[in-house]
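In structure tokens below, several structures.
Note that chain A is present in both complexes that follow, paired respectively with chain B and with chain C.
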Partner chain A sequence: MADSASTGTVQDGTGVIMEEFSYDDAIVRKFLFATVIWGTVGMLVGLLIALQMADPRFNLGLSFTSFGRLRPLHTNAVIFAFAGNAFFCGAYYSTQRLLKARMFSDALSKFHFWGWQAIIVAAAVTLPLGLTQAKEYAELEWPIDLAIAVVWVAFAINFIGTMIRRRERHLYVAIWFYIASIVTVAVLHIFNNLSVPAGAFKSYSLYAGVQDAFMQWWYGHNAVAFFLTTPFLGLMYYFMPKAAGGPVFSYRLSILHFWSLVFLYIWAGPHHLHYTALPEWASTVGMLFSVMLWAPSWGGMINGLLTLRGAWQKVVDDPILKFFVVGITAYGMSTFEGPMLSIKSVNALAHYTDWIIAHVHTGALGWNGFMTFGMIYWLLPRIFQTKLFSKKLAELHFWIGTFGIILYVVAIYSAGVTQGLMWRAFDATGRLTYPDFVETVTRLIPMYWTRVAGGSLFIVGMLLFSYNILRTWQSRPARYDVPVVKAPRLTPVHREDGPKAAPIAGLLPAAVHRSWERKPILFTVLTALTVIVASLFEIIPTFLIKSNVPTIASVTPYTPLELYGRDIYIREGCVNCHSQMIRPLRYETERYGEYSKPGESVYEHPFLWGSRRIGPDLAREGGKYPNLWHVRHFANPQEIAANSIMPSYPQFATTPIPWAVIPKRVDAMAMLGVPYGEAINNAEAMARTQAAAIAADIEASGGPAGLEDREIVAIIAYMQRLGRDISAPTAVALVGDGEQP
Partner chain B sequence: MKLSDIMSNAGLSVFAEVALVLFVLAFLGIIWWVFRPGNARRWESDAQMPLDDLHPQQPRQREE
Partner chain C sequence: MSDKDRLIEHEYDGIQEYDNPMPRWWVIAFWATIVFSVAYALNLGGIGTGPGRIAEYETDMAAWRAAYPQETPVLSAEALLAVAAEPTSVAAGQAVYEVNCVACHAADGGGGIGPNLTDAFWIHGGAITDLYVVITEGVLAKGMPPWGRTLAAEDVAAVTSYVWSLYGTTPAAPKDPEGDPVER
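Let's look at the complex of A and B:
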């Protein structure tokens, strides 16, 4: 390992043994390039899906470029590839310098880098192919999930190893933020992705319905918290003092900021499920903790901004500080808005609308984007050991990017509020003012075009950024200078408290903290415990107390054909636009029918409640339209509703059903405890019988013939089943002749 | 008897109160630790860490 190779020891004048070492900046350069490349790719995919919402022709008529498949590619690329690589880039640079030690192992650093890029490539291939677990930001299928776990553990070992070898006694607060991020992301990733494989790239979530929803948003919200917030706060606490030329405004405040976030964030997830079938106590806990988060978040924002005290004049001619100031302000704005959106009555309006998309982009473009840009502009001259190619271009990037964000979010906030208000509008006679869902979409199209303009500006900024990086890199020296750093080794730890204090040390927070804060592994373990214990307080009751998920006798599993139809629904990413969760609010039940009950989704592995209604809710879709209507609608939605923005799926009528996989899917579901009974043994025959019946009905009503072995009958079988069980007088016949009741 | 039966009948609603007390106590402990006058100098020196990439602020253990 390069570390041992480059470490030497010398004695200084006073006889203290000094160790010689160097920082590994090659890895920082690698992550920097990856950040810029994947960032550009992820944002361009974002632009394409923004165009698709403004005009469905941008779906290009190909299954792998349709919105449902590309939307997860966009979110995964910008979160895990752009923000992820940016975090690693800044963390590798700052960790070594804050700990006065080279990374524990250069080999692990390289493994982390190449492993992570391979995962990104795997995501970019599998998501357009429709291989997905259908859980937001956890779409990647199980083999990739395993790879993520391995790479993440390598990163964790490398990081903890560096902490153990450090030459600085205390751990700076940025390091705490990194540790919390690393351990929490590991816990979230593992528990949310537990699943039963039903093939090389197909799996079903271990959890069902309410519990799956709970786990998903415990994960989903904390992915925002511990992948997009705490890592970047760590970066802020290192790079902001660097750029401002002075220490952070209040170190005390930064410690409170850290512990408050660690204590509070993990509880907040259920605010994504207000008014759904989640038990109300969980939703209320989520709301309360989210509102509490406002205080530490603003404390952190103020701490970041006030680091510029006495140096505000520098902002005028320093693009780096401009990026940081707007980035931290965006953190403040989105962490004010987040708690507000988690209040149930506000959420009732905002949920399922573009308001959430606007909220996310304030955070993602403003906070993550601008903090990354500021950090990289600061790093460029240092890691490429040359001058920044053009400060003017960086200034231009700042202004174009800022204008792009404003254009984007203002348009999309308007779209969200407009649609939310239209959904709930009643006329004087007590009927819905806009009973036709498409009307509420058509009204948004001008705002969608404005978003395309705003997003394009942000991408133009990104291209200027890339060009500036390229030109800076071109002026690098022929060989990078690797400065030798000298620092004494940490002497072995011995207790600061006298021997008398030792027996009661365990009772005193200060003493406890001082002794374990010196021991990074223990610190890591305790941070993990804080997060896990808090999670368990929410998870245990949701999973183990029966009253939380009342069952409904008439709810039975999907037939084998319906199950395969559901897999098509998952593959095409329908859940990205259609919810299956009717909230108990009058304007929802008027529009969609009886509100959704927790007992209805007990066999839903994974849950498909959705989080956004770009199209109408489908929870009670079954029986609303004849089979033939669905055949025509899938082939060309615009033929049925001229202004619909849904992509067309003509391939459903031509793609054959792979009958052999159906028994495997049923087996996997049975393993999860879904009571399939006899259906396990004759799944294929049952599916064929049901398919033939649907195909016959389509033909009899004047539709095309010969659809009995095409995917269209499977997805129709699924559509026609949705939401019907609770009104079924007896259990749906599953075992036996396999006919549709 | 299944685990879920045991958990359902165990009267676990007190969990929430226990959690509240534990977490509030832990948090109060942290506040006390942060604002303890004895730690003031430490925070000052820790805050300097990002500003010097080459020299540790507190390289060695304090001698007893």
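Let's look at the complex of A and C:
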């Protein structure tokens, strides 16, 4: 491969064979540019959706710019495009130097780079088109998921190959974190995205209801862990001591916090599902492992910040260290807050509110953003082999960015707590103080504008950053110098160079861990076993214990028309603003009706419980309003509720239903075990009959005529079905009841 | 911390590590969370899941129902007509109407999604007691919400009196009559 091609050997005076090689910094430069470009795009989309929450006119009246479709684009862009490319940029730079080896294969490096960028482009096209699996941070449809798996495996091979060819005997802690990230992301991605395709860009999750929710948050929480935390801890362990010029505080702490973090994190996901239909034991386990995760997380913060001991004066005039200090502090704050939010009583208030949005932005803007900025400012003079264009601009970037983060999170923490408290307020007569949901939204609008201001400042910082990079890049040399590095080849027999470190926690002799650090394959296998075994401890009982999901006899599958209506709901990203999960809490059941039961979700491929209530819960929406109400409300929500921030969907009344796809969707559901019976052979005719009945009712109540082949009747059919199966079938007499298979 | 800041011999690309012990407070915090978790899982000393979220919910609901028997009082036609005769309660009812009812029945009562409230035609009866019952209990099949759940009893009576007062007014865009004519 390229490495061997450029490698020469020389013998030094003592007979040790020295190998000559060079590092591939071209790939680092590529990833750096991708980080900045996609970061800017992702943040601008974030700004647009922040504006949409402050004023719904920013939905621009176009289906592909509505909040429900753009919110996943924002999250995917900042997580996988911005933070992802930043991780690859820093990892390709540091791995080669920490292992004293060029990347295993330049071709694989390039494939990784271009493959990843192609995936991002595919995401940027498909998400606004409404092609989504409706699972948070796993929205991308199955063909893109396959591409992600292939590219990730290429990265893994390249990385492991480099470890095998290394010239540094032991693996440094940064490499451990990279290993954990690469292995775990692969496992999470594959198992959460298993699905049955129902078309080129349409699929249904293999899992349903409770199990799907469990898998999703096992994935979702660990995407935060192994895509936004462990990669950046690895980067911190390299770039922080490099920038600070001092040793890392404690090797023993590195070992303990690495293994405890990797082991404990994987259990924590179910804390996203407190008070939902997930069995309580599972969410309790999630909470307890989250609480135990506090100290291991702070181990990383301590090792990062204490690397600066005796060097704090350097922070005063070094913007890079400033970014790192604020970044690591933000990590410390959000990893204290995370365990706190996982405590059930705190979670009852915070869940579904902006509090969670504030929490993730402390992490994303502070930790991921600022670590990336610091790292890139450090890299710029080194990989472009010139001076940084302007240190002053970098300082300004730091201060604007910091102020932006503070403004953003303070506003959104206030919004979250305000709305959470309004939802649960009862007046002196024992009734909800704010029964009208919109009232709890209107109160937040000033905070949403403040968030827009804070986010804009952060983006101004990002633009200063881009300009600084551009100008630095312009002053690069005509040809990059490629220094030749010399290092001795590893000898097969290792003479222990004497680890003098004390045992870890009095248990694990440092020499044992030291021996693992010499064996990259063993280290990788141990890491994989840690996450897989921990996962299975939760996954197996969730899937196998029957009493987790008591059957409800009256719950039947959606009719073909309702199923298509549900697909519209998925396409428009309604789940990004509306939950379908009423918690067993008095203020929830008073507002929305009977709490949701696990047995109600058994045909929900994928589950649509949601995680945020920008609008009200819809779990019991069926029968709440007449069909005509929905016709008017979809066309113009502000006509029904003047202060609503919901986008309008007038196109539902004009878009024809593609009848031919309905049987395919029913077939895919049947393949997943949904008992469709007769409906399999009759799906289209059943759908047409139900559509005609709803259209007739709309016309009879004074609404427009001729809707029987329009999408509006499908989404209304779905809306009117929601949450009605558990009550006696005679309770509500809406059209279409006779159509259930 | 006796062996403070002893460097370990190895280095990686120039990065060195100390063999410092873990900070004592950190170790204590870690153990504290582990002890808490075990105690919580076993429900020791009153922390933990206890009877579980469903049992807790039912206890909470029972206590609340006992404290606030939510039934909107049954009012006689005489009582309701007496309320309707009070201009202040009609005005109060108008305020309730403007917040909650205009989306379906229009600001002037002419109807839209819901029926016209100004004409002599009524789907569920035209007596003032019928109005009061429909507003309180709703008509699920028609999408009329049960306002007795969210509005205070006096607000339900007030909005009833306001709707009662709309009879015979002339809305801008009246919806076609629905239901049966009722003499007043």
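We take it that the second predicted complex is superposed on the first by the 702 of 741 C-alpha atoms of A that agree within 3 Å, B and C clash if a C-alpha of one lies under 4 Å from a C-alpha of the other, contacts with A are read in each partner's own complex, and residues count from 1 in each chain.
Just so it is clear, a residue touches a chain if its C-beta (ideal position, glycine included) is under 8 Å from a C-beta of that chain, and two chains touch if they have at least 3 such contacts.
As the structure is a computational prediction, the values presented were derived from the model and not from experiment.
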First, second, both or neither for A:Trp312, with chain B first and chain C second: neither
Partner chain(s) touched by A:Arg97 [first = chain B, second = chain C, both, neither]: both
Chain touching more of chain A, residue-wise (chain B, chain C): C
Touching partner for A:Leu628 - first (chain B), second (chain C), both, neither: second
Which of chain B and chain C A:Phe64 touches, first, second, both or neither: neither
Touched partner set for A:Pro584, first chain B, second chain C, both or neither: second
Contacts of A:Met292 with chain B and chain C, given as first, second, both or neither: second
Which of chain B and chain C A:Ile640 touches, first, second, both or neither: second
Which of chain B and chain C A:Val248 touches, first, second, both or neither: both
Set of chain A residues, in rising order, touched by both chain B and chain C: 94, 97-98, 100, 168, 170, 172-173, 237-238, 241-242, 247-248, 251-252, 256, 260, 498
Parts of chain C lying in touch with chain A, wherever the complex brings them together: 3, 6-10, 12-23, 26-27, 29-30, 33-34, 36-37, 40-41, 49, 52-54, 57, 60-61, 64, 67-68, 70, 99-100, 103-104, 112-114, 140-143, 145, 149-153, 175-176
Chain A - residues contacting chain C, complex: 94, 97-98, 100, 168, 170, 172-173, 237-238, 241-242, 247-254, 256, 260, 275, 280, 284, 287-289, 291-292, 294-296, 298-299, 302, 339, 344, 427, 429-432, 435-436, 497-502, 505, 584-586, 589-590, 595, 623-626, 628-629, 632, 639-641, 701-702, 731-734
Chain A-touching residues of chain B, taken from the complex the two chains share: 3-5, 7-8, 12, 15-16, 19, 23, 26-27, 29-36, 39, 42-44, 46-51, 53-62, 64
Chain B partner contacts - residues on chain A that touch it in the complex: 23, 94, 97-98, 100, 167-170, 172-174, 237-238, 241-242, 245-248, 251-252, 255-256, 259-260, 263, 485, 487-488, 490-494, 496, 498, 509-510, 513, 534, 537, 540-541, 543-547
